[in-house]
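Both complexes shown next keep chain A, but they swap its partner, so chain B is in the first and chain C is in the second.
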Partner chain A sequence: MTAAPVTAGLRAVGREARRLRITPRFRGRELTLLVIVAIALIVGDLSLGATRLLKEAQLAGDQPPPDLAVLAAPAILVIYLIGLFAVHGALVLAGRRTDQILLPTVGLLGGIGLLLMIRLPQDLAGRLGGLAQTQLLWLVIGLTIVVLLAIAVRNDVWLRRYKYTWAAVGVGLLLLTFVFGRDINGARLSLTIGPFSGQPSELLKVILVVFLAGYLSENRPLLQEESTRLGPFRLPPLPYLAPMVAMWAIALGIVIVQRDLGAALLFFAVFLLLLYVSTARFSFVVLGLAAFVVGAGLLYFVFDHVRTRIDIWVDPFADPTGAGFQVVQALHAFARGGLIGTGLGAGLPSIAGRPPIPALHTDFPFAALGEELGLVGILAVLGLYLVLVERGLRIASAAQDEFRAILAAGLSLVIGVQAFIIAAGNLKLIPLTGITLPFVSYGGSSLLANSVIVGMLIALSERTREPLPPPRRPGRIRRLLDRGAA
Partner chain B sequence: MTGHERAGGTRPSGRWPIGQREPGHAHPVSGSAPSWAGRRIGIGAALGRVALALAFAFGSLALGAGYWQVIESDNLSNSGDDAAVIAASRNVLRGEIFDRDGVRLAWNKLDKNDEPYRVYASDALSGVLGYSTRQFGTSGLENAWNAQLSGVVSADPLRELTRKFQADPSDPEALRTTLVLQLQEAAVQALGRTRGAVVMLDPRTGEVLALASTPDYDASAVSNPDTSAKTFDQLRRDNRAPLLPRATQGLYVPGSSFKIVTSMAALGSGAISPATTYADQPRSEKNGWLIDGYRVRDAHHLFTGNTVLDYRQAIEVSCNIYFAQTGVRTGGEALAGYAGRLGFGAALPFDLPTEVSQVTNGGGPLPGGFADRVELANAAYGQAEVLVTPLQMALAAATIANDGTLMRPHLVLEATGKAGTTTIGPSAIGQVVAPGIAHEIAAAMRLAVNGDWGRFFTAGAAVRGLVVAGKSGTAELGSGQPHSWFVGFAPYDNPQVAIAVLVEHSGGGNVKASPIAGQLFRAWRTWTNG
Partner chain C sequence: MDAAVIAIWVLRLIFLALLYAFLWMVVRALVRDLRAAAREPTLELGRLVVTASPSGEPAAGVSFALDAITSLGRDVNNSIVLDDDFASAAHAALTYRGRAWYVEDLGSTNGTFVNGSQVDGLSPLAFGDEIQIGQVRLRLERARG
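Let's look at the complex of A and B:
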């Protein structure tokens, strides 16, 4: 190929960019990190490929093949990496001064999850060619969402103005699940409408944060007031405690009706954290925790499935082949991994062609990583989540007003708290709840919701000053609507 | 933020207009707050504390992971629950099982996950080989020889774990059994749709040639992972109890077949001699023999009339009154003692687990644990509280056939692994009665099959060209049809096969069990000659 057409092509692109008023902005840090991520994932895939060849040779009783440098499922990995760099390219073209750390961090987490899905038996789940292909499809859709939100969202009026609409959407979603949800493994997590099915609680967590950001930023001064006394606590006027009570009730409702302990725990924890962030009042946290203890105690004595979960948590080894099977096998997986792990593909002994832990690809990827990457590997994974949360909180602290601050904090805390809940459940630090490990677990709903979060965080991180919407006064919406009509 | 204000002794006094800075938050609370805390709006310090809390939470995750992956790592990985240990045991190709002539009885196939499962040559083997499944464990010979068949010699979990790293971790052994597949199949076929059991063994060595139990079942379907759960569930619900190995674990009233045991005790202890007769016996045939207010009745007076029966004749016509009186004369101690030498009162020394046969429930005031003389009299002809396994009755017949010496019954001739072949030879348990007494009982049993009177009772067992000796039994039960029994051996002059046939609830011994025995003696002759 000669240089002439290339230069001509570049010129054409430049002309087109000027016409669209695109001013590309080089994102050096993001590019460097993405290259490191790509190298890490390729090395991981090579290790997986070599392990596979060795295992096959051992099964067949053959000598190990001389050339072990083979990628496992190269097409899937290459498509994913192209996707990551395409997102980077789009962000460069968009020219916004946004965060450069989030994309590589999420890209590595998603890539580790993808390697795990390539490594697991492909018939575990997935409608496409199997587990890995389906996960890849969702990852690509997720990356698209990230890039669309990161580029397109420049205005947050549609979020902050309509917080009660969002709340209504959330409650409606919840009610739909209550009524039409399908029971899977005793939990009503999944909603099917036509050909689409998904877990509404994943979307709900985003909506919850949007609503809380709107509500808390608006009512922050009132919540900080201390006109009511309850024992040693000074509380704001009682009516303003209503959302807190409502949250508590919704969390309880989710546990009772949906049997989704994980989502309830996540929602309640994020709510308490945001309440604290917006009011800085520790007494709220104490009250919230007290309400949590009371609620948990009630649930323990009234509902069998809650009691079972707690009992398994207290002593999974009491029934290692029955009720405690999953938890015990997860602990065994961590133990087999040890300090440096067995290596990708070399752990998780296959029993009847299945990994030893049921629901491994959704609920126990952390245990699987613990076995194959070892303590070193999961410390790295935990570190990635901390980086994510740190970026989110940094974006929050740099935000121009409380709404954006609470929104950014809430979005990043959702991911951090969710990762903690499932990792701690895997490690038997808290009772196990069926919730996904963000970006790593298999599943469309989870990946899409978390992509929305990342996309919004990147959009919120823009450092160019944009005028804030004017302070809200009564009748403002009315006037807006009038103006729109005129 | 409120945090500092409290530290400074004041509280926020009211509401801040949105967007306006709170006083005092320009200075971070302490060194622990990150530099970006509290910069622009009043939530910076709180964000810092939340970040700190989350960092602590993730720190606890790291500690938890360290606990399981470093401190508890060895403990967990070495336990039998560990998936690696389970997977290793599942991938072992169990040793194959052969009959004594080298016919393959059990082997392995691979399922779609390349994990092996068991296949059996015939349903007829289910009562002796049992099954080997992943989900429901093992039974029968598969269970008894599990360690050798699976090559799991070590009970030490640590060695179990390291074995999976070896190129060829296990040494499963193949078994050559004492069984004869064609006899096993003939036995199940002869039993047909009835519930029952057949035991055939070589009285000289204790080698079991056939150990059949009906109804049989498809053990391959139980072992195949695709059909395992459904099949096993059906078998468990089946009220005909196909999973019960009747030959070794079914307990039955023996009826008259037990008279050969009473004979060993009576003749062996010297309580009677072959010439012993009871003068009142012919008279008692009509109205029964009265003992302590109980009448022992009989059913053969039409044939024998006023004949005073001696021992051989009493066996030939299966005289209950003769044996009731003999039992009382022998006494409970000798009866229980001789039965004990045959294996009664304890599990039999056999490859498979066996139920314990008994002559009485025990605990009674009479010697041997009998409650009274009525129980003793009834037990002597196999009623009262006498309960036996078919294997136990086959051993009684084998003892008589083998000049009074009881050989230990066994199922495996050779176990062959990489390390070599282990051979299991015959071994004697002990002399139960003197050879002369065994010969006397054998002669009586020959009459029972071939004598002019005996033919009427046990005719079906006779085989042209083969002298069969035996004793039938009709075990009267409280309700329902009696159990039908035949125990015996052949050839009379040179015994090479002993047999016990039981057919549940099928009527008199001559109706069902004796013809089956005859059929199986013919099958045995075909096999030995072939």
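Let's look at the complex of A and C:
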């Protein structure tokens, strides 16, 4: 009875799809990988649920219940998995020949993060509800962003043509945060506008890459010229070093005003990497590192908060219950984890109901994973980030023009560098800076920004040859060179 | 008690094993992808795509793989022959030097244009730039990798 309108509706959708020349395209590799992700997450959740039941029984002094096979938070996990497969379904229906590895990899990272949030005390963050519920909400919104960008972005003119507008938006966001930001734990990161609050620096990293891709792809021939000499280095014409100096100043400004060492380090590292990717000139990297050392040295002697961080890094055991507390606890967590970890849910003996590390869900998820999954587990997690970076660079190498190439490389390097900075900070390899572990850490801004990155990478990976945007008018370089020739 | 502990042990190990199963499958796919890309002829340094050609020779939409030196003109001895009334016999040359492409006008009658402005001697080219020779328009693109 209801079949007739349904088939009519389906036919209408089919007609519309044919009109837009959309044909569903089977994505076998993605489906296989997603099935493995789903099985892994279900097994992880089972182990978490069983461990939890066993611990409760031990605490009560009872025999463990005979049936330990329960999921820790079945509703949350099932909703997440349905979300992942829905994204897959949407990508199949959209029928673009895009990357099939990014989505499962990100899905696994997000799922591991979700298991961690299910396992932690639920009142750690909760303004909206439990920790895991809030994280699930953000993950679902993030997946929606991924699928929207992956399907809808077919043209990049809106990105490349307005690069200075994007840069202005980015600097504007930064200034807004400088002036109106709220201080949390000594860092001025979050901005509240009406009912919404977020961390603009997360969005800023995407905008930065878009601007740099536009700037570098346009000025590459010029940056490769060697007209200025500085000791053993040959440099491009001095005016074109201005953005480099500006980037350095912005990074310093972030450290001084926002007290956000992590974001500053991330921005500057991505900037140097992109400069190297686009020009293949090692002297830029040397010069950038020199500028970094000078800036870091200055900051160390002038600002207390920088000095504290470095001193903690050099010797956290100088004050193990005060300043060095988090770092010492993280090191102990890694030590407890050993080779294969204590198992999900079995780590972190809580002190009076709190996990020993205060910012565990945002800044130290890597330490928590190190304890519960062990060295084997965190190596796998690091491997997942490497896969993301490899895919990004591969998409860059297959890109049709330089803007897309630099954009893809930059977007994936943002994720890679960010994961490195926070993982190395947790491990006391470099001073600890408070940034998030992409896709694993709790936090809306971070998840949304990283979802934007993944969505754009998937869109950029399309294989069919799209018409390039019309050639730009002869730019500044051309006019300059013409003048030089005349 | 023991059975429960062993069951949890097994679950933990299966979880870790599944993480590596996923990584193994992904890495295998990546290696396959890279091998396939390496098998494709990647000796070309760039491509030249014909975007407009009123005479039909070469036809619009055709793309040429480029060597380090490519000559363009009406003469049949050119690497790319442009059968256009406004093209000279030896019209222009594309050269790949260092890491960049250059276009050079070879003293043609009607000139060579890049993105609408006339080339005077040697001029650098970026990927995505459009060259006009006579009535033929060609766009420089990256090699397919």
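We adopt the following convention: the second predicted complex is superposed on the first by the 451 of 486 C-alpha atoms of A that agree within 3 Å, B and C clash if a C-alpha of one lies under 4 Å from a C-alpha of the other, contacts with A are read in each partner's own complex, and residues count from 1 in each chain.
The criterion applied here is as follows: a contact is a pair of C-beta atoms (placed from the backbone, for glycine too) under 8 Å apart; a residue touches a chain by one contact, two chains touch by 3 or more.
Predicted, not measured: the structure shown is a model, and the values here were computed from it.
Chemist: If you stack the two complexes on chain A, which partner ends up touching A:Gln329: first (chain B), second (chain C), both, or neither?
Modeler: first
Chemist: Just chain B (first), just chain C (second), both, or neither: which does A:Ile406 touch?
Modeler: So A:Ile406 only meets chain B here.
Chemist: Taking the superposition on A as described, I'd like to know which of chain B and chain C A:Gly343 touches: first, second, both or neither.
Modeler: Second partner only, chain C.
Chemist: Between chain B (first) and chain C (second), which does A:Val277 come into contact with in this model arrangement: first, second, both, or neither?
Modeler: It touches chain B, and chain C stays clear.
Chemist: Classify the contacts of A:Pro320 with the two partner chains as first (chain B alone), second (chain C alone), both, or neither.
Modeler: first
Chemist: First (chain B), second (chain C), both or neither: which does A:Val389 touch?
Modeler: first
Chemist: In the overlaid three-chain picture, which partner chain does A:Lys428 touch, first (chain B) or second (chain C), both, or neither?
Modeler: In the superposed model, A:Lys428 contacts chain B only, not chain C.
Chemist: Can A:Thr51 be said to touch chain B (first), chain C (second), both, or neither?
Modeler: second
Chemist: In the superposed arrangement, does A:Leu109 touch chain B (first), chain C (second), both or neither?
Modeler: neither
Chemist: Which residues of chain A are in contact with chain B in one complex and with chain C in the other?
Modeler: 217-218, 220-221, 224, 280, 374, 390, 394, 397-402, 405, 468, 471
Chemist: Report the residues of chain A in contact with chain B in the complex, numbered from low to high.
Modeler: For this pair, the touching residues of chain A are 58-59, 217-218, 220-222, 224-226, 273, 276-281, 320-321, 328-329, 331-339, 348-354, 356-357, 370, 374-375, 378-379, 382, 385-386, 389-390, 393-394, 396-402, 405-406, 409, 413, 416-417, 420, 423-424, 427-429, 468, 471.
Chemist: Which bits of chain C are touching chain A when the two form their complex?
Modeler: Within the complex, chain C contacts chain A at residues 1, 4-5, 7-9, 11-16, 18-23, 25-27, 29-30, 33-34, 37, 98-100, 114-117, 120-121, 123-124, 126-130, 139, 141-142, 144-145.
Chemist: Given the complex with chain C, which residues does chain A contribute to the contact?
Modeler: The touching residues are 29, 32-33, 36-37, 39-40, 43-44, 46-47, 50-51, 54, 63-64, 68, 100-101, 104-105, 108, 217-218, 220-221, 224, 280, 340-341, 343-344, 373-374, 376-377, 380-381, 383-384, 387, 390-391, 394, 397-403, 405, 468, 471-474, 477-478, 481-482, 485-486.
Chemist: Which residues of chain B touch chain A in their complex?
Modeler: For chain B paired with chain A, touching residues are 1-3, 11-12, 14-19, 36-37, 39-47, 49-51, 54-55, 57-58, 60-62, 64-66, 68-70, 72-77, 79, 81-84, 86-88, 90, 111-115, 134, 167, 225.
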